[in-house]
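Two complexes come next, and they have one chain in common, chain A, joined by chain B in the first and chain C in the second.
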Partner chain A sequence: MASLTMYPDDEHLTGSARFAFNLYMITAVLLVVVFMLVGLTMRMSQTGWVGVPPKFFYQLLSMHGAGMVGTMVLATTAVMWFFLRKYVRLHLWAFVTNYVMFMAGALCIIFAVFIGGYAALWTFLYPLPTHGMGMWSPHASALFMLGYLLIGVGELIFYLDAAAGIIKVHGNLGRALGLQWLFGGDINPDHPKTVVASTSMIIANSLGILAGAVVLVMSLINIFFPQVAIDALFAKTLIYWFGHMYINAAIYMGVIAIYELLSRYTGKPYPLSRVFLWGWAATTVLVIIVFPHHLLMDYAEPHWFLTLGQFASWGSGFPVVVVTVYGALTNLWRSNIRWTMPPRLMILALFGWVAGGFGAILDGTIRINLVMHNTQWVPGHFHFYLLLGVLAMALSLMYHEVGRRTNGPPNSGSDRVGFPVYVIGGLIFVFAFLAGGHASVPRRMAEHLQAWTFTDKLGSIGAMLVVLAMLYFAIRITAGLLRSSRSGGADVGAADAAG
Partner chain B sequence: MTVSSRWQSWRGPALWCVLVLPPVRGALESSIMLHMLVQIPLLAVAGWWLSPLLPKHLTDTLPAWNRSGISGIVLVSVVALFWMLPRSMDAALEVPWVEVAKFASVPLLMGLPLAISWPSAGFVVRGVYLVEVVATAFRMGWLYLISPQRLCSNYLLGDQQGLGKAMLAIGAAICLLLAWKLMWGHIDADGVRRR
Partner chain C sequence: MHLQNLAWIILLVGIAIIALGFIIVVVMAGKPSDEAQARKFSRTTHIVQAWWFLILAVGFIVGSFITLQHYPIPPQHTDLGATQVVNAVGRQWSWQIKPDTVQAGSRVEFRVTSDDVNHGFALYGPDGRIVAQVQAMPGYTNKMLHTFDRAGTYTVRCLEYCGLMHAEMTSTLKVVASEQTPHGASAAAAVAEAAPAAPVSGAQVYDNHCAVCHQATGKGLPGVFPPLAGDPVVTAADPAEHINIVLHGTHGRTIGGTTYAAQMPGWGNQLSDEEVAAVINHERTSWGNHAPTATVKDVAAQRKP
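Take a look at the complex of A and B:
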C-alpha cells in the first residue's frame, strides 16, 4: 500500500539518482514549452495571424507530433522509475541509458526535420517518407526513423531492467500483475499498485516497441532498396500498433503518480482491491489490441479486425479509468484535503483523462469515425487527455518533489494564478479543436478557409494561455528541482500538508 | 573424466563431422529452408558444444574482454547478419572457400562465443538480444515473403517464400514462448553467472 507519509525516506533522491531525475524532468518541461510554442505557431498560422509557408508548417507538425509524444513518455518514464525503485531494484545505468538514447534519437529527429526538411509527420506512413517530392530526401526520412529506433531501444532497456527487478521480487510478471488474486484468495494489501501498473506497461509497450522495430527497419530497407516494396496497409497496421501503444503507455505510467501521491494529500489509505486488479488485467489485454481503431477508414482491412478495434476502444481504458477514478473520488470524499498544487494537478489529470477518453471512445466507433476521423475532433480528444491528463500527472510529481526541497507542498500565489490559467487556457484550446471537429474542419491542413478560422482563433488564444502557464511551471519546477533539499523535512505528514 | 563428461567434450566436434559429411551436407543444402533453418543452426549448436574444449588460460582471459557477454553477443550478431544474406548462402554453394568459411565461422564465431557469453549476460542483455532475434525473424520472413524475385540463384521462388512463412512462424513461436515464460514461468533473474 502506498505510504501516507508525505515525503518518505525511501523516495529521497541523492547524488546521481537525483541528477538523473532532474535531468529527465527539467528536459521534459523545457521540451514541452518549446513544442507548445511550435504548436501555437501552427495554430496561429491557420488563423492567418502569422505567415508560415505550408512546407515549413508540415515540418513543424512533424516535429510537434514526434516531440510531444516522446516528451510525454520521457516524463512518465521518470514517474514510473521514481516510484518503482522503492519496491524493486532498478539500475541507474538503465535509466540513464534510456535518457541518453532518447536525446540521441531526438537529435536525429531534429536534424531530419530542420536540416533535412522531413515533413511526413510523426506517423512516417509508408510510402510517404520516400516521396518527398523534392522537399526532403529519403535520407532525411532514414535519419528520422533512426531517431525512433534509438528512442525505442532506450525505452526497451529501461523496461527490461524494470522487468528484471520485478521478477526478482515477485517471481514472474503474472504474479506482479496480481493475477493469482483475480478469482479468490486473500489479496496482499502491501502489493504495490505501482508494480501492477508498471508490469502492465512493460508487457504492453514492449510488444508495441517490437512492432515498431520491425516496421522501422523494413521502412529503412525500402528507403535504401526501393525495389523492396512493402505492403502499405500492413506497414500502417504495425506503425499504429507501435505509435498507439507508445503514447498510451504515457497515460498508464503517469497514473502511477496518482496512486502513490493522492492518499498522502487526503491522509486516507488507498488500498488495493480485487476490482483494481481486474481493471488492470483487462486493460493490459485490451490496450494491446485496441490499435485497429486507427485503421477504421481502411476498408481493405478485415472486418473482424476493425470490429475488434471498435469493441476494444470501448473497453480498453474503461476498466482502469473506472477503478482509478472511483478509487480516487472515494479517497477524496470527506478527506479534509488541502488544495496545494500536487492534488490540484492530480484531480485535473483524472478529469482530463476521463473527458478526453470519452472523445476517444466516440472516435473509436466505426460509424462516427467515418465522419470525424479526418476532422479536428481527433486532435481535440488527444490534446484533452495529453494536456489536461498526462502532462498534469507528470507535473503533480514534479511539484511534489519541489515541495520536498522547499517548505512542503507548493502553493504560492503565482501557483494559484498559474493553475487556473493552465486549466482555462487548456479547456479553450481543446474545445476549439472539438468544435472545429464538430464543424467538420479538417485536421493537418496548413491553409484554412476563412469560415474555419473562428475556432482557430479561439484555439490560438487558449494555446497562448497554456504556453504562459506552462512557461511559469517550467521555470518554477526547474528552479525548485535545482534547489538543495531542506534539512529535516522528510516527514511532513498529511495533516501538515498545508500551503 | 567420466563417459558423460567425455561425451560432452566431444559432441561438438562429432556433430560438426556429421554435418560436413557430403550426403548430409548435400541434403541440408538442397533447400533454402533446410540450409538456413537447420544446417546453420546445427553448426552453431556444434560451436556451442565446443566450449568445454577451450583451454583454461583462454576461459580465464576472455571475460576481461567480454564484460556481461556484450562483446561476444555483438560478434555473434555480426556473423549471423552475414550468413542471413541470400548472397552469402549462394556463395557458399558456388565457391568452395566460402563453404569452408561457413563451416568454420558459424561454429567458431557464432556458437562458441554465444556459449561463452550467454551465461555471463544479464537479464537486460539477454532481453535485448532475444527481442532482436524475434524482430529479425519477422523482418527476414517479411522480406523473403514479399521479394518479387529469387534472392538466391540456387533456390526456387516458392522455396524462398516457404522460408519467409517459416521465419514468421518461428518469430511468433519464440515471442509466445518468451511471453509465457515471463508471465507464468519460473525465472531466476538472479541466476546470471558473473565473471
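Take a look at the complex of A and C:
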C-alpha cells in the first residue's frame, strides 16, 4: 500500500538520480510552454489575429502534435520512474539513455520541420510524406521518421529495463499485474499499485512502439525505394495503433502519481483491491485493442474491427470511472484535507480525464463519428484530458517534489492565482474546440471561414490564459526543483498533510 | 435534430453531472468524519461501486444496441441497390465528382477513392453542418449511402489533411427536389433527362481543378504556385507545351526568375480531351492573356508522353 508519509526516505533523490529527474521535468515544462506558444499561434492565425502562411501553419501543426505527445510521455515516464524505483531495481543508465535518445529524436524532428519544411503532421500518414508537392522533400520526411524511431527505441530501452526489474522481484509480468488474485486468494496488501500500472504500460506501449517501428521502417524503405509500395490501409492501421497507444501510455503512467500521492494528502489509506486489479487487467487489454476508433470512417476496414473500436472505447471508461476516479473520490471524501497545489492538481487531473474521456467515448461511437470525425471535436476531447488531465498529473508530482525541497506542500499566493487561471483558461480553450466540432468546423485547417472564427477567438483567449499560467508553473517548478533539499531533510508527516 | 446537437447536449449534461459529483466531494472533503462514520462509509462505497458498475453496464448494452442495431456503415462488397451512384475521386487538391447532381428523397451510393494521398470526403449541408463523410484512400473504393432530405447546394470538403491546399479542396454537389418520374424510370435517368448535356466550360474546369493553386485571379501564390496571367507558356503562340504540362504535369520550373518547387500533377487521366482543350483555352484568353487557342485534336495528339 502507498505510504502515508509525505516525503519518505526511499523517494529522496540525490546525485545523478536527482540530476536526471530534474533534467526530465525541467525539459518537459519548458517544452510544454514552447509548444503551447506554437499552439496559440495557430489558433490566433485561424481567427485572423495574426497572419501565418498556410505552409508554415502546417509545419507548426506538425511540430506541435509530435512535440506535445513526446513531451507528455517524457514527463510521465519520469513519474513512473520516480515511484517504480522504490519497488524494483531500475538502472539509471536506462533512464538517462531514454532522455538522450528523446532529445536526439526531438532534434531530428525540429530539423525536419523547420529546415526540411516537413509538414505531414505527427501522423506521417502514408503516402503523404512522399507527396509534399514541393513543400517538403522525402528526405525531410525520412529525418522526421528517424526522429520517431530514436524516441521510440529510447522508451523501449526504459521499458525493458523496468520489465527486467519487475520480473526479478515478482517472477513474471502476470504476477506483477496481480492476475493471480483476480479470482480469489489473499491479496498482498503491500503489492504496489505502481507496479501494476507500470507493468500494464510496459506490455501495451511496447506493442504499440513495435507497431510504430514496423510502419516507420516500411515508410523509410518506401522513401528510398519508391517501387516498394505499401498498402495504405495497413499503414494507417499501424500508424494509429502506434500513435494511440503512445499518448494513452502517458495517461496511464501519469496516474501513478495519484495512486502514490493522494493518500498522503488525504491522510487516508488507499489500499489495493480485487476491483483495482480487475480494472488494470481490463485496461491492459482494452488500451491495446481500442485504436480502431481512429479508423471508423475507413469503411474498407472489416466491420468487426470497427465495432471493436466502439466497444473498446466505451469499455475503456469502466476502469477509469468505476475504479480509479471512484476510488480517488472516496479517498478524498471527508478526509479533512488541507488543499495545496499537489492535491488540487490531482483532483483537477481526474476531472479532466473523465470529462475529456466522455467526449472521446461519444466520438468513438460510429454513428456519431460519421458527423464528428476530423472536426474540432477531436482536438477538443483530447486537449481536455491532456491539458486538464495528464499534464496536471505530471505537475502534481513536480509540485510535490518542489515541496520536499522547500517548506512542504506548495501553496503560495501566486500558486492560488495560477491554478484557477489555468483551469478557467483550459476550460474555455477546450470547450471552444468542442463547440467548433459541434458546428462542423474542420480540424487541421490553416484557413477558416468567417463563420468559424467565433469559437477560434474564444479558443485563443482561453489559450492565452493557459500559456500565462503554464509559464508561471514552469518558472515556479524549475526554480523549486533546482533548490537544494531542506536542511535536515526531515519528512513532513501525514498529520501535517491532512491538518 | 442534427446528430451533432444531440451529441453536444449529451456531452454538456454528462460533464455537468461529472462536475457536480466532483464539487460535492471537494466540498465534503473539508469535513472530517469520526471512526463510526468512516466504517459505515467504507461499507457503503462498495455497494455504491457495484451499483455504479451495473448502471454503466446496462448503459453499455442499451447504447450499443441503439447505435449499432442498424449498422451505420453499408456493406462494402455487395450491391447496395441504390438507384443513384456518384463516383468521387480526390487528388491534391480537387475533387472529381460525377455526376455532380442528384435527387433528394432516394438513396445515393457514393463510391469514393483517391488518386494520391488520403483525403476525407465530407458532405456539408446548406446550413454548414456535416451530413455524412467517408475516407478517400488510394487503392480502395469506399461506398457510402446517403439519402438527402432536402434540395440545395451541398459542399464537399476534404476532411483529411492532405497538404498545403487542404483547406481549399472543396467542391459542390447539387441536390434537386425529387420529381415524379414517368413509367417508373430511375431517379438517375430523371436527373439526366432533366439536365441535358451541357457544353464543356473551361471556366468551370479551371474553377474545379486549377484555381485552388493558380487562384481564380490567375495570379498564383507568390513563390509557391506560378501565375498564369502573363505566363510565357500560357501566352506562347504554340500551345503544345501548355497542353503537355496540363496533361502530364511538371515541377521545378523557373519562371520569371522564381523556381517553383511545387509539383503540378498531370490531369490527363482525370480530364477528357474536350475538358483539357476548354481549360487551356480559358487560361489563354483570361486575365489579359490573348494567345492562340488549342483544339481537341491538338490535345489528343499530345496524349502520348
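The rule we apply is simple: the second predicted complex is superposed on the first by the 492 of 499 C-alpha atoms of A that agree within 3 Å, B and C clash if a C-alpha of one lies under 4 Å from a C-alpha of the other, contacts with A are read in each partner's own complex, and residues count from 1 in each chain.
FYI, contacts are C-beta pairs under 8 Å (C-beta built on N, C-alpha and C of every residue); 3 or more make two chains touch, one makes a residue touch a chain.
From a predicted model like this one, the values you see are computed outputs, not experimental measurements.
A.B. asks: Go through the superposed model and pick first if A:188 touches only chain B, second if only chain C, both, or neither.
C.D. replies: Neither: A:188 stays clear of chain B and chain C.
A.B. asks: Could you look at A:368 and tell me whether it touches chain B, chain C, both or neither (first, second, both, neither)?
C.D. replies: In the superposition, A:368 touches chain C alone.
A.B. asks: A:163 in the overlay: touching chain B, chain C, both, or neither? Say first, second, both or neither.
C.D. replies: First partner only.
A.B. asks: Does the superposition put A:16 against chain B (first), chain C (second), both, or neither?
C.D. replies: neither
A.B. asks: In the three-chain superposition, say which chain, chain B or chain C, touches more residues of chain A.
C.D. replies: Touching more residues of chain A than the other partner does is C.
A.B. asks: If we overlay the two complexes on their shared chain A, which of chain B and chain C does A:231 touch? Say first, second, both or neither.
C.D. replies: So A:231 meets both chain B and chain C here.
A.B. asks: Applying the document's definition of touch, where does A:407 land relative to chain B and chain C: first, second, both, or neither?
C.D. replies: neither
A.B. asks: Share the list of chain A residues that count as touching for chain B in one structure and for chain C in the other.
C.D. replies: 231
A.B. asks: Tell me, which parts of chain A touch chain C in their complex?
C.D. replies: 54-55, 58, 119-121, 125, 127-128, 131-135, 231-233, 236, 266, 275, 297-300, 303, 306-307, 310-311, 314-315, 317-318, 321-322, 326, 329-330, 332-337, 347, 350-351, 354-355, 358-359, 362, 365-368, 370-375, 377, 434-435, 437-440, 442, 444-448, 451
A.B. asks: For a test of understanding, state which residues of chain B touch chain A in their complex under the given definition.
C.D. replies: 122-124, 127-128, 131-132, 134-135, 138-139, 142-143, 146-148, 175, 179, 182-187, 189-190
A.B. asks: In their complex, what parts of chain A are in touch with chain B?
C.D. replies: For chain A paired with chain B, touching residues are 94, 153, 156-157, 160-161, 163-164, 167-168, 171-174, 203, 206, 209-210, 213-214, 217-218, 221, 227-231.
A.B. asks: Hey, which residues of chain C end up touching chain A in the complex?
C.D. replies: My answer: residues 2-5, 7-8, 10-11, 14-15, 18-19, 21-22, 25-26, 28-33, 37-38, 41, 45, 49, 52-53, 56, 60, 63-64, 67-68, 71-76, 92, 116-118, 120, 122, 124, 128-135, 137-140, 142-144, 157, 159-168, 224, 251-252, 260-263.
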